[in-house]
Amino acid sequence: MLDEVEITKLIVENYMKDLMEYADLDVAIVGAGPSGLTAAYYLATAKKKVAIFDRRLSIGGGMWGGGMMFNKIVVQEDAKHILDDFSINYERFGDYYVADSVHSVTSLAYHATKEGAKIFNLIGAEDVIIKNNRVSGLVINWSVIGELPIDPLSIYAKYVIDATGHESEVIKTLVRKNNIKLNTPTGSIEGEHSMDADTAESVIVDNVKEVYPGIFVTGMAANAVFGSPRMGPIFGGMLLSGKKVADEIIRRLS
Amino acid sequence: MLDEVEITKLIVENYMKDLMEYADLDVAIVGAGPSGLTAAYYLATAKKKVAIFDRRLSIGGGMWGGGMMFNKIVVQEDAKHILDDFSINYERFGDYYVADSVHSVTSLAYHATKEGAKIFNLIGAEDVIIKNNRVSGLVINWSVIGELPIDPLSIYAKYVIDATGHESEVIKTLVRKNNIKLNTPTGSIEGEHSMDADTAESVIVDNVKEVYPGIFVTGMAANAVFGSPRMGPIFGGMLLSGKKVADEIIRRLS
Amino acid sequence: MLDEVEITKLIVENYMKDLMEYADLDVAIVGAGPSGLTAAYYLATAKKKVAIFDRRLSIGGGMWGGGMMFNKIVVQEDAKHILDDFSINYERFGDYYVADSVHSVTSLAYHATKEGAKIFNLIGAEDVIIKNNRVSGLVINWSVIGELPIDPLSIYAKYVIDATGHESEVIKTLVRKNNIKLNTPTGSIEGEHSMDADTAESVIVDNVKEVYPGIFVTGMAANAVFGSPRMGPIFGGMLLSGKKVADEIIRRLS
Amino acid sequence: MLDEVEITKLIVENYMKDLMEYADLDVAIVGAGPSGLTAAYYLATAKKKVAIFDRRLSIGGGMWGGGMMFNKIVVQEDAKHILDDFSINYERFGDYYVADSVHSVTSLAYHATKEGAKIFNLIGAEDVIIKNNRVSGLVINWSVIGELPIDPLSIYAKYVIDATGHESEVIKTLVRKNNIKLNTPTGSIEGEHSMDADTAESVIVDNVKEVYPGIFVTGMAANAVFGSPRMGPIFGGMLLSGKKVADEIIRRLS
Amino acid sequence: MLDEVEITKLIVENYMKDLMEYADLDVAIVGAGPSGLTAAYYLATAKKKVAIFDRRLSIGGGMWGGGMMFNKIVVQEDAKHILDDFSINYERFGDYYVADSVHSVTSLAYHATKEGAKIFNLIGAEDVIIKNNRVSGLVINWSVIGELPIDPLSIYAKYVIDATGHESEVIKTLVRKNNIKLNTPTGSIEGEHSMDADTAESVIVDNVKEVYPGIFVTGMAANAVFGSPRMGPIFGGMLLSGKKVADEIIRRLS
Amino acid sequence: MLDEVEITKLIVENYMKDLMEYADLDVAIVGAGPSGLTAAYYLATAKKKVAIFDRRLSIGGGMWGGGMMFNKIVVQEDAKHILDDFSINYERFGDYYVADSVHSVTSLAYHATKEGAKIFNLIGAEDVIIKNNRVSGLVINWSVIGELPIDPLSIYAKYVIDATGHESEVIKTLVRKNNIKLNTPTGSIEGEHSMDADTAESVIVDNVKEVYPGIFVTGMAANAVFGSPRMGPIFGGMLLSGKKVADEIIRRLS
Amino acid sequence: MLDEVEITKLIVENYMKDLMEYADLDVAIVGAGPSGLTAAYYLATAKKKVAIFDRRLSIGGGMWGGGMMFNKIVVQEDAKHILDDFSINYERFGDYYVADSVHSVTSLAYHATKEGAKIFNLIGAEDVIIKNNRVSGLVINWSVIGELPIDPLSIYAKYVIDATGHESEVIKTLVRKNNIKLNTPTGSIEGEHSMDADTAESVIVDNVKEVYPGIFVTGMAANAVFGSPRMGPIFGGMLLSGKKVADEIIRRLS
Amino acid sequence: MLDEVEITKLIVENYMKDLMEYADLDVAIVGAGPSGLTAAYYLATAKKKVAIFDRRLSIGGGMWGGGMMFNKIVVQEDAKHILDDFSINYERFGDYYVADSVHSVTSLAYHATKEGAKIFNLIGAEDVIIKNNRVSGLVINWSVIGELPIDPLSIYAKYVIDATGHESEVIKTLVRKNNIKLNTPTGSIEGEHSMDADTAESVIVDNVKEVYPGIFVTGMAANAVFGSPRMGPIFGGMLLSGKKVADEIIRRLS
């Protein structure tokens, strides 16, 4: 006999166990797009306690729709090994690899969670916690509350990653609310420039940096913060920057 | 050197290749929720040409949010083998298995597409094609057009599956627009009854039927069409009905 | 030193403890307006396990705004003892007692919760559970999810009270989804008639009944279901019907 | 016999009596959240003529939803005596006290109004009155008018308290419309910094000040105006700052 | 010296005096369009206590915009004397008289109020009061409250006039909520037919009737309730029906 | 020297001249989609006084977007001569002709207006005029007024054509507001059936009929009114039915 | 026999005659609130060709709702003669005169139009015409077009009056789009200060000035442009400033 | 027999062929208003590969509605030859030519596409591509995606024309995202001034310039970027500037 209340309790208790366990993290990632998911996968593989917070019900960011709703993605040669790490089906066209975007994004999320990364969907980061001039955690809230006056909660993290795309939302909040300088040429958010795919892909991995003590940028947020060009309709740099930020933080946590 | 236009062309051409290839299907599934994805997986494994059409950008239906946004799902013993088929991580609590909902839904979608099922996201089914008193295909359109007067296109399918949940949208359109009788006790849509998890799970697999020549129902749509109770916060029946509809159609296509 | 994560955990754990504890209730009330709050107070005073579910963030129903935003309420002589039970300030004008509406509604909620009634705000009842032709619980969900496809959870209750006002939402769902007959003259929802304060106040307490096994109506829902007139801008009947439904259920639970 | 028009008149007349009486106040508080309600309680206890104006139908601000809709609040040791003043039920966990948020907020409002504070819900403060370089009252209007061009009315007050939370709406309007300097380090609104609960709680009571002749800030508005950090999910400072602003104004009015 | 609070009090007190005075009326008119305003004028001239309730801030109904925003109106010969009663400027073209619509509608409202009719703008009629099978008053509320749960107030009237145009809102509510028969051929609302100006103008004055004890219809509501054709872009019948309903009620009140 | 007011006057006067001239028509077409435009072209070529009324700013109906925003249209062999009449560029694929949809729709509108048909954009038909049991004209209004209470104007026409697509808006209004029987099998609107392109194209020209004295249907409205299947993504039948209705009316007007 | 099309033509032709006649004005007033209507009345009385343009369907600005929807207005002694000029009913309270707001605003509009002022409702001023560094007319458009890309028309005027209230919309557009200096202390718009009724009323008439060649400000726009305080809930200054601007322009036009 | 899927394939394949072919252009025009369409026509006539991208379903910009929805346009003598090039019907009034606006805009689009220009409707330009300090293409996306996170695609063009009207959207994006100087007096966008039709028409053709390497402005965008006055309700300058930009680019491409 199925008991509805027993099932209800199992759901609530197991979620709460996760929420309690992940309230004090090695790494908190904001944004479950391709770069954030890739970072989560490699961090989880290295046995770090990592969680992603994403405002949407269904994570994945801008990867679902391919280019202009044509749900295919393209990856260049030097990121092909990441497709292999995630067992993604692809077809080769010269130096480019074409994959299905729904297949690719679900593979990233499936493998990241398979390895132990936790994804909190429907939860956004309203703000950060700053202790002694270092980002030390996130102020989180359900995204569905809209304009309702509902207070947030907080979680701690040794490192925070802003993987919110070209909006770079976490960094924007950090800069807007505090008198601080980022680790960028001008100390501010430089802003994304117009598209130049070749330049953009060549600098994105370099732009993956700790822009203020305790917080890194990755993916499109990295180029936006450092004033590099917008990326073209190609995903290699996104994936590589996700792996780069994971490697960098794994190194520091050791 | 990355060439933006070359990348653009690869995306467009490969999407169009898919669209052309999947315009004449063995099975067209409407709705990429848990039941539709499960069906697609087993159909693809059996080498059937199968595609899912889903109005949302990010498929998965109601599975992302677990129960009340607590992102866990529960599956009972008799559906546990499906969790294993999809390599989903779970924890056992007596006769129940608890899994992470984001992990589970991305696993369903990843493995279905890995096996060759094609998912067309952002595309809904406006209507069906009826030839000689048999559903013979779908009238499809981009969901993002909203109220804009944009005409649809059409695809053929040997079988259509309505996996749109308790709205049973395809069946509703079929009944509303044509003078037909369904293969239900009254010939009409019976409507979902209030919750009774035990009864609901016990009948859902039986309700998976060809309700009109060429079209099956599965998942919550099955119980809604046959006037069975609403299901509780448990996913076994959803997954089993997905497998059932696949098995049934595979048998007929042989 | 204040520890943000410690505080976060206290909030989450204590809420979850409540949610677990109140998943199996003596009485589940839907709607935290004047009638529902009054019922909850008297049930809690009698040591029944009672919880109210209300879709709004800030419970109280239509009592905050008095009449036409003029935040005063009027109570007639025969309900005056309820004002006294709740220590509400009032001024007497002949047979009428005038009180501040904000003061009154917060008194109802304060005293009900003081006595141990639990209020779950932001949670609505999507549906009921029916076992063996008896309402046995509620299907609940966050109200803030709007159109997002998020599944509900369920709780059990020995008795459910529909205190949702003249919409009588729970009864409407019960009738719409199941082939059942209510304990009313026609077996259906009769619908509220136009205003006639005198008649309305005289019948409301009589209308407080178990309209289907396991579910009672109270307050405006009672008059709406039994086809009585709309009440005038006076609250005595609302409060008295809340006490009546509590008394009736206490008697049955004994 | 109940007479609908008699009841109507009692409501209208008693509301108007209040509106006339409270048009010339000792203290006008804008915002009926935890800090404003606490201030109103202690001011009313000291027999000051005090009214709160709040845009919402159902006052209480951000206190209803606890943290992230989990409706519990936490208060630290040094504010515990305020819980006792309001007869709020709580449970102790080390140095923290956990209470139900619905119970707590209705207790604040109930006891404040019990002592004689008047709450005008659905009414917001569009602007202030300035006479001889001193804030001398409020320009008030119904909040429900939306974009309709409806003129406001005005009330006088010896002191105004901005208790509108981190938006500090009254101070913002004061600064935006007049060439004045606030009593802050820079003379302007400093803006809330990111979260640091420990620092925030330690400075909030100090930040309760008369920032311009005739107007005080309290609660989150105090930290926002003085550039202190955002508070964590804990309510001690909110309550203490409400008591502080009351004590300070009582002293001046003597 | 101007005293803001003194002015505030004068506004509030004088409005309340009106509201009290007009809570018990000879005639309550719902809808301040051309027909309702005309009726109010002639009723006030005959010294009847009459008030109009209109949901909009700025009354006048559909008369402001002339035809298709070309702000002119046309009146035929047999209604010309009403233009004269209201001192409206016009120009003659054969049997037709053309006037400015803004000029005309403000003249109707100005002269009606000059004669003592009271207009309550922003207030709609939610329902009627029925005592002993006779409409005995209105249940009124601010229109600006939108979806907020705010209770109404009530007023008494010897006669109610539905002048809400082709929606005939009051009659619709009356019929929907009560099991009654109207004084029409079928006992129900017949519904407006397509346009036929000649027929419509010839029957509208006949359709001005007491359709249920205590309530009359006038203007477009009269034709809608009696199933007559829609009127053309001409206002004679509107004005004449307003005068007719006034004359009829004056006769009965004598 | 350019004189702004002189230009203003030329625009207003010439528009008004058209509006006066076309207030009494041979044929009034509602809906400027492909079928309505085709009809207008052939009627204008035959020197009939014809005007189209369309609610949108930019006429053309559903033809702009091709199929699913892929802006191409397909026409079958038997309608190819209409492409030629309109000098539309196309490419041949077997029995099908493919043309650009933007090119095609602008050609229809350009040539129809070149021949003297007048298009009133932004104007919809709210209702019809009925005199002696015959549709004798339209009740028209600006579509941009939304919910504003603005009265319509009227125009006469010897024949009205409903070319509003599968909504068949004019016929719907005609049936809803009047007790009449259409010239269809059941006397009512039959409703569009699901797609069957072959059947749909074969019956559409037959369905072009005078369904009630004075009013014809064409295009998708014809199939919707007669209960025929939905048309596939092909335009031959649309164009042919437009020509058919023109021919039929020209014959009757002679 | 009534002829719908004849009536249609009378409406269109007479409106167009007005539009042509008033395309070249002595005075164009933007905003038909109390100040603009008063100005129009005195200008028309002096036989000037004057028109008001107002975005709303029903003109009158913020005067309909009295204070906070209590539909009464107050006028002080020195403006009492204007009430008399408009034959407005009032009651005296010391130095204040209280009138009904609906009665007052319709009187202003009725008498202004009676004297020959033309009101174009539903038409706003998008921009001004500037010739040789002088405002020479208005760029006007229907307000109902919303976001639709529809071009405006233009009219000439010897003088323009910005009577748009504290938004001072025309002056804002003038300053934003051109490099000009206003005739104010700083050459810019100073902005309205917080309320001080006494000061506001004493300066408003002085603030009525030609702020740039060809354009005057009046009413609340005058105080907003000159940085004076917001007015209290009293209308004397509004009416007097309307008369002042009329007198000033009449003098110049002589 | 009509085959729905065959027709579907023809539409998709032919659209894709266009999209592939026009991904590398001589000239990319953003905005299909009168100036952009005119430019496209003359470029296509000169055998350049040219495409227009427009966010709307139905292109034509602000030309459909004439002036204030009165659908006529006026053209002055010196642009009359362009009306002739497009075979547009007109009537002469002194130095002005009046044409129907629907006829005119469809003629521009029809003839431009007839000559081989491709119009991509429903597609907007999100950004530009910049290579070596030269605009080298566009970043394009479907306009219907609204807020959905869907990535764009890119196309190359030897020259880009901003024909987006007075918003000059492409230039605004170019300036906002990159640190560049335009070829204008100040190096920035100067902004449109108030209306002065005579001046505006005399400078618009001069303002047609390459404002940054690879990108031209035309139509209202030209005057907006160069700080010239707004144009009056006349279209000559629009058409002439479209021809000018075509001539200029043809010269450079040779």
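Details
Letters A, B, C, D, E, F, G and H mark the chains as written, and numbering starts fresh at 1 in each.
Basically, contacts are C-beta pairs under 8 Å (C-beta built on N, C-alpha and C of every residue); 3 or more make two chains touch, one makes a residue touch a chain.
Predicted model, so just to flag it, every value in this text is computed and none were measured.
The set of chains touching chain B and also touching chain G is given as F, H.
Ranked by separation of Cα centres from chain A, the top chain is E.
Think of it this way: of F-G, E-F or A-B, only one pair shares over half of the G-H contact pairs by residue number, and it is E-F. Separating the CA-averaged centres of chain A and chain E is a span of 62 Å.
Between chain E and chain H, the centres computed from C-alpha atoms are 52 Å apart.
The centroid of the Cα atoms in chain B and the matching centroid in chain C are 39 Å apart.
Residues of chain H in contact with at least two other chains: 4, 7-8, 11-12, 16, 57, 64-70, 129, 142, 144-145, 148-150, 153-154, 195, 197, 232-233.
Contacting chain pairs in the structure are A-B, A-C, A-D, A-H, B-C, B-F, B-H, C-D, C-E, D-E, D-G, E-F, E-G, F-G, F-H, G-H.
Across the complex, chain D meets chain G through its residues 127-131, 139-142, 145, 148-154, 173-174, 177-178. Residues 61-62, 64-70, 165, 191-197, 229-230, 232-233 of chain B touch chain C in their complex.
On the side of chain E, the complex with chain G involves touching residues 1-4, 6-8, 10-12, 14-16, 18, 56-60, 64-74, 76, 87, 89, 91, 93, 96, 98, 100, 102-103, 106-107, 109-110, 113-114, 118-122, 142, 144, 195, 197-198, 201, 232-234. Listing the residues of chain G that touch chain F in their complex gives 4-5, 7-9, 11-13, 16, 19-20, 23-24, 57, 129, 137, 142, 144-146, 148-150, 153-156.
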